[in-house]
Amino acid sequence: MKLVKAIIKPFKLEEVKEALSEIGVEGMTVTEVKGFGRQKGHTEIYRGSEYTVDFLPKVMVDVAVGEDIVGKVVEAIKSAAKTGKIGDGKIFVIPIEEAVRIRTDESGEGAI
Amino acid sequence: MIKKIAKSRWALPLTALLLIAAFSPAFGQEASDVVEAVEAVVTAAEPDEDFLALQTQYGVTFDFFTVSNLWTLIAAALVFIMHLGFATLEAGLTQSKNTVNILFKNVFVISMGLLTYAAYGFNGMYPGDFNGFFAVGSPITSADYGNTDFSYGGTGLCMTGWSDFIFQAMFAATAATIISGAVAERIKLPSFMVVGTVVVGLLYPISGSWKWGGGWLDGMGFYDFAGSSLVHAFGGFAALAAVMVLGPRKGKYLSGGRIKPILGHSMPLATIGVFLLFLGWFGFNGGSVLSAAPEAVSLVFVTTALAAAAGALSSILVSWTVIKKPDLSMALNGLLAGLVGITAGADSMGPWAAVLVGAIAGVIVVFAILFFDKIKIDDPVGAISVHGVCGIWGTVAAGIFGGYNVLTQIIGTLSVSVFAFVTTFVLCVIVKATMGLRVSEDEEAEGLDIGEHGQEAYPDFQVASKG
Amino acid sequence: MIKKIAKSRWALPLTALLLIAAFSPAFGQEASDVVEAVEAVVTAAEPDEDFLALQTQYGVTFDFFTVSNLWTLIAAALVFIMHLGFATLEAGLTQSKNTVNILFKNVFVISMGLLTYAAYGFNGMYPGDFNGFFAVGSPITSADYGNTDFSYGGTGLCMTGWSDFIFQAMFAATAATIISGAVAERIKLPSFMVVGTVVVGLLYPISGSWKWGGGWLDGMGFYDFAGSSLVHAFGGFAALAAVMVLGPRKGKYLSGGRIKPILGHSMPLATIGVFLLFLGWFGFNGGSVLSAAPEAVSLVFVTTALAAAAGALSSILVSWTVIKKPDLSMALNGLLAGLVGITAGADSMGPWAAVLVGAIAGVIVVFAILFFDKIKIDDPVGAISVHGVCGIWGTVAAGIFGGYNVLTQIIGTLSVSVFAFVTTFVLCVIVKATMGLRVSEDEEAEGLDIGEHGQEAYPDFQVASKG
Amino acid sequence: MIKKIAKSRWALPLTALLLIAAFSPAFGQEASDVVEAVEAVVTAAEPDEDFLALQTQYGVTFDFFTVSNLWTLIAAALVFIMHLGFATLEAGLTQSKNTVNILFKNVFVISMGLLTYAAYGFNGMYPGDFNGFFAVGSPITSADYGNTDFSYGGTGLCMTGWSDFIFQAMFAATAATIISGAVAERIKLPSFMVVGTVVVGLLYPISGSWKWGGGWLDGMGFYDFAGSSLVHAFGGFAALAAVMVLGPRKGKYLSGGRIKPILGHSMPLATIGVFLLFLGWFGFNGGSVLSAAPEAVSLVFVTTALAAAAGALSSILVSWTVIKKPDLSMALNGLLAGLVGITAGADSMGPWAAVLVGAIAGVIVVFAILFFDKIKIDDPVGAISVHGVCGIWGTVAAGIFGGYNVLTQIIGTLSVSVFAFVTTFVLCVIVKATMGLRVSEDEEAEGLDIGEHGQEAYPDFQVASKG
Amino acid sequence: MKLVKAIIKPFKLEEVKEALSEIGVEGMTVTEVKGFGRQKGHTEIYRGSEYTVDFLPKVMVDVAVGEDIVGKVVEAIKSAAKTGKIGDGKIFVIPIEEAVRIRTDESGEGAI
Amino acid sequence: MKLVKAIIKPFKLEEVKEALSEIGVEGMTVTEVKGFGRQKGHTEIYRGSEYTVDFLPKVMVDVAVGEDIVGKVVEAIKSAAKTGKIGDGKIFVIPIEEAVRIRTDESGEGAI
């Protein structure tokens, strides 16, 4: 199994969720994060002094999936999250050695 | 509400009408009673020079004048606080990424409103004798505004010109504030500033003069005690026009008629706003008596409070049965609807009539909000329904329960509403064509706080993206 | 506080008592003085028809009447704002997942309170002559409520019936609001609405009539100027009963007597609430003079403000020494305790007595809060301690420092408190048996905002789960 | 503003001056006019015993006295609400980790202020006849404070001693509140409590007595209607001294003159604060007329409102052009600047002069804030610029536009400011040496809420760390 | 070493923390997350329009542990977090190649 | 590729970011977390009752990097985040099997 970790633009979350549902992914976990990267932050002003906000709001989507569909999942996220503009984000694939569904004690791919 | 017109020959009869109305115990009243009463007061009101002399001998003005003047000033302060009410209500019912912008607009509106009204609006709205349709305004001057011997406003007006002005000025800014809520989260700041300034500075005084300035509507016997039409319907329909030119917020109306509500970010702010508006309304309506006449002011307090309460309860009932949930935002709008509804006739009906008027307003507002959403008129705070629709209802209700000619009332409220709608529509079209009316899609998505102000309202807090 | 009873033969003596009390320079005073003073006023107060005539000749009422009436109305507006104070205080001291519910309850309570009081309570509380224990209420009518020639309330009452009503109505809703805070975060909305309505509509007017309606407590010389007992102790002990039937919030009291505090979600909201309550109290106490009599009203302002200040400081001192931390929520409760404490005798003692009364209240409230937590009475906002316990203290203090019979004061405050407790207890038991009183465990965990209203108070913000 | 001095032989001339000033239509006025007017009033004001008798025969006081007394009390309530305004403004413009601390300080300041002023300050500030520089204070007593026959304050003062006291007491606490904002986020709580108490209890009454107590500044013809100098410049320069001893917040001023702004955590709170201050200012200035004299009070309402509006707009304009962004926090400060600016001469100039005074204040405040940041004076809320700098401007403006001797005005405002600065500086140095003035670096980083109070202001919300 | 990543119901955090402490786990890192899965969200209403909230509040617990106790840790979390109702959550086990304690420069299992 | 997961004290974020930029790391993702560990929480008080706050605010920094510079990155974070006081935090290194840049479809090390 793999953990597909995608960092995307917040307003793309809805579309990514739908894209994943379509290919049968039934679950995901979403985290509010701040991103730093090529896409530079904007400068704000407060009481006359300027300052730059380097970290931009992003959303991190964690999806655990079976080996077989990893490719499809990455594809789905990629096409759903893409705007073509800088700051679209990244997808990382990380190995999962074991998975458990708390409610049922199921483990392995069945747990996802 | 009778203002400088008091200067005109209508002063006493109208004052009388006002006082009588206040006495009117129950739902309606015979025109005949009114006429008699008018006679009564007219004769009764010849000032007794001796008494005036006796009083002024102390460097003290006629006490009733002093009390009335003081009440008008306190009422002005209460109306002022309504602007904080609007600011928090609008901020609460919109997203946190647009909060700085909303607050800024409200600070601007009250400031701009006071100055334009002093520079032009006041004398344009209360020109004394004029053609009844339009008068050019002019700056207030110090001449005779401070007099306390009735030489400013005539015996009908127990206040100084300063008090008359400041009370009226606090009203004026309201019009633009009503718009501010309806166009929130997508209008360009400079464009809003232009629209708001023209509406408050030029348009509001025109329709205002038709009635309170002693213009044509006043001539035909139209009655609008504290402004269900002249202030609220005016603002509500100006808002409707602005919203129609501006269009809905992105993402609110989905394909297939589905509506994706855009949630307000703070219910406590919204609730604070409504309570402050309720408080301010005691000045808005109570002060519109234009004197401290006990029976009138106290009746107005009672009808105002009961209508607000009835509006809240009926909207709770309706939203609970129709929407299946006791919706706080609907209860808040219902309370305001009750207040807008009673405003035109607060001095002209008994307590139970007021309850009825408020309750009906509370029902109307719920369906109005649902209706406007259905036809894709996107009004984040419900300003069009609360002020526009219920403003019309209130004016008609003043006819039904206050004993005024209902047809005249309808003619009056419609002419004001149409005037507000048409002129604001044209204005917005022009602004759109010249400087643009709406922020870019990216700015709308990111929020106007960063886009227009480069500031955040809550930098310390972690914001959640809508799933 | 003397209300419609002014109509009864007690009017003048009591008015006198009031004025005298206001003059009373220091801590106590001799009964003999009072008697003399009573004589004085009785004789002094025969109205001089000429003067009344002179005044009314201008369609102007007796000026003192006008001023007093105006002040009563302004005071009513100030008391109104206390409801916003309660709303924000209660919202601030509870969790954000129950905020919509709290706000909704407060909007409902003021609206329901105004209407039930108009429909039944007012005339049930001020029935004129009655058996002294209970009178059936009836709706207010417009008959003579607008008169300004004392024909409504008698020479003792310088206001219209409208003013009398609206001022009283603003008080009434307070009782239910006090309960609302104590039962927060776990009571079913419909059940609360029933309990609140019965308490405000039926129960509050009964004990109210015992004193302010000229009933048996008034007959025996019990004194409660602005309602330490009739409003606050009543509400506090009604709240205690409700909390006992309802039980504590899940997870507050752990095994082995350990207490896991459930934190309020916004200290700014709570602080705004307390300042607004302080502001409103100037109307609550100041307006209870029932006229603009300069010495009485101004003394009341001073005693009220100083008692509040003393209550805040003493509770800061105590919490700092006992709890080792300068606890803001305790300071806020201490300030309110001082206000509740002075309410019964605000017109009957000098400034330094007021400071003492307030300071003692500030000490009492801290220990009361700790005590109720120890016996597992879960009161999220401290309403029982602030209003109940300090309400009793204030009534007794009026006896000690105001020169009233202390025993009578104790009898009076206890009978009101017991009445409130017993009747509300029975009421809650019945509601529990019939419609159920408490939300499900799941709903309590998830929050009443989603459960009861399907709404969130702060949808934009990321919420933190308690570790 | 003329207070107890009314007791002294200056009473009538000064009252006259006040009234005249109120009438003054335009920008300035000739000294000669004043003199004549003084004569006029002095002769006019001999009380007619018959009329007084006629009135008091009803146990009713001279109505003008009653109205004026009532207005002073309502004004006191309005000034009270300014303390909530300060609390929310300061809380909004500072970080959420220090919010409990800010709120606590504000609850303490108003409570402490009321008590110290009652125990010492009031009689120290209004000693009647004294050397003109310093008088030892004493507790208020009940003696003659309740009298309504002018025996307390003389014919010049239409209010009871109670009213005079409570109105003044609400002013007093302001001084410490102004400091509270400037030293926020880094001062030790106990140290602040000591500094605040000494400033309000001992220092404020001294410079206050110089003018309002009839001291040397009053003798030389210095004019400060409602306290641009005596309250605001005093508070502002006391704040400057405290900030200089205390030093800036860690991390604000970086190497190479770079400034890293420390953002306030809630713009809605800040905005609520400013609107409440605006509201309260109607009482602050309007009540300073010390009577309900229609022309004076109404003029003051107008000048106050217009100056505030002008201040907001001009600061918006300036910040937009200079900083390139419409900065909400600057607009808020500009509005306050306008209010502080008009305070010294609100009764002495016409509306357009008031607009000018406010507009200039709005410009001054923006540059003052930028300036103080440049010289590393760290003032989180801009108190020094708003109250200090604009307080001086306002006092001078009263000279320029109100017809007072400008040199005298400058001498007066500088002596008060220097007095406040020097004494507070010494005080803070002593406190620093003895009990320490500043919290530890760790506590400053973690926040004073946990450090000083062991409490959080928003426990339910997820906080974001500054990137 | 392994990173045990558990997504649980928020109100179970306290119990999970205690369960872990009992078996000697001295540290963990907790993140507020939103979960999407079989447990469907509820519908809310605002100004008359209904909408469904798909994402439910969950808490993610990250615990780095040595190979030896992975099993015990998973067990502990599972039994502490279980309610048996849908939405109890998941546990994923991910390999950690290196661990460092910043304060002491310790690395490897000793760092945890 | 590796995912370097560092849990640090919030006020150290700025320094860590700069340290990483210096060694040429162009991106990172930051999450607000709560930490439980040897560093014990403080006791707070509310309306007279004491309670302890076990979870302390921390910041989690996720950095995906190529094999070659993992060591440098860990070093950089370590020295930037260190105060020497308890609670400085941890760094975990986790394997990444695949990385994708959404905007460009680049994958592998080039995507980072």
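First chain written, first letter: the chains are A, B, C, D, E and F, and each begins at residue 1.
Criterion: a residue touches a chain if its C-beta (ideal position, glycine included) is under 8 Å from a C-beta of that chain, and two chains touch if they have at least 3 such contacts.
All figures in this text were calculated on a predicted structure; none of them were measured in a lab.
Chemist: Going by the contact rule set out at the top, which chains touch both chain C and chain E?
Modeler: In this structure, the chains that contact chain E and also chain C are B, F.
Chemist: Which chains are shared contacts of chain B and chain F?
Modeler: Touching chain B as well as chain F, we find A, C, D, E.
Chemist: So which pair out of A-D, B-E or D-F basically repeats C-E, with more than half the contacts the same?
Modeler: Selected pair, repeating C-E: D-F.
Chemist: Take the average of all CA coordinates in chain A, do the same for chain E, and state the distance between these two points in whole angstrom.
Modeler: Chain A and chain E have C-alpha centres separated by 18 Å.
Chemist: Where the CA atoms of chain C average out and where those of chain F average out, how many Å apart are those spots?
Modeler: Averaging C-alpha atoms per chain gives centres 54 Å apart.
Chemist: Note the residues in chain D that touch 2 or more other chains, in rising order.
Modeler: In chain D, 63, 67, 74, 263-264, 266, 272, 325, 327, 329, 454-456, 458, 461-464, 466-467 touch at least two other chains.
Chemist: Using the touch rule from the top of the page, what residues of chain E touch 2 or more other chains?
Modeler: In chain E, 17, 30-32, 34, 36, 45-46, 54-55, 94-95 touch at least two other chains.
Chemist: By the document's touch rule, what are all the touching chain pairs in this structure?
Modeler: A-B, A-D, A-E, A-F, B-C, B-D, B-E, C-D, C-E, C-F, D-F, E-F
Chemist: Within the complex, which stretch of chain D touches chain F?
Modeler: The touching residues are 445, 450, 454-456, 462-467.
Chemist: Would you pull the chain E residues touching chain A in the complex into a rising list?
Modeler: Residues in contact with chain A: 2, 5-8, 31-38, 54-55, 58, 60, 74, 77-78, 81-95.
Chemist: Can you list the chain E residues touching chain B in their complex?
Modeler: 34, 36, 45-49, 51, 53-55
Chemist: Show me the residue ranges of chain B that touch chain C in the complex, using the header's touch definition.
Modeler: Contact set of chain B toward chain C: 19, 22-26, 41, 44-45, 47-48, 51, 63-64, 67, 71, 74, 78, 95-97, 263-268, 271-272, 274-276, 278-279, 282, 286, 292-295, 297-299, 301-302, 305-306, 308-310, 312-313, 316, 325-329, 331-332, 335, 350-352, 355, 458, 461-464, 466.
Chemist: Using the touch definition up top, name the residues of chain B that touch chain E in the complex.
Modeler: So the residues of chain B touching chain E come out as 259-261, 263-264, 319, 322-325, 327, 329-330, 366, 369-370, 373, 382, 464, 467.
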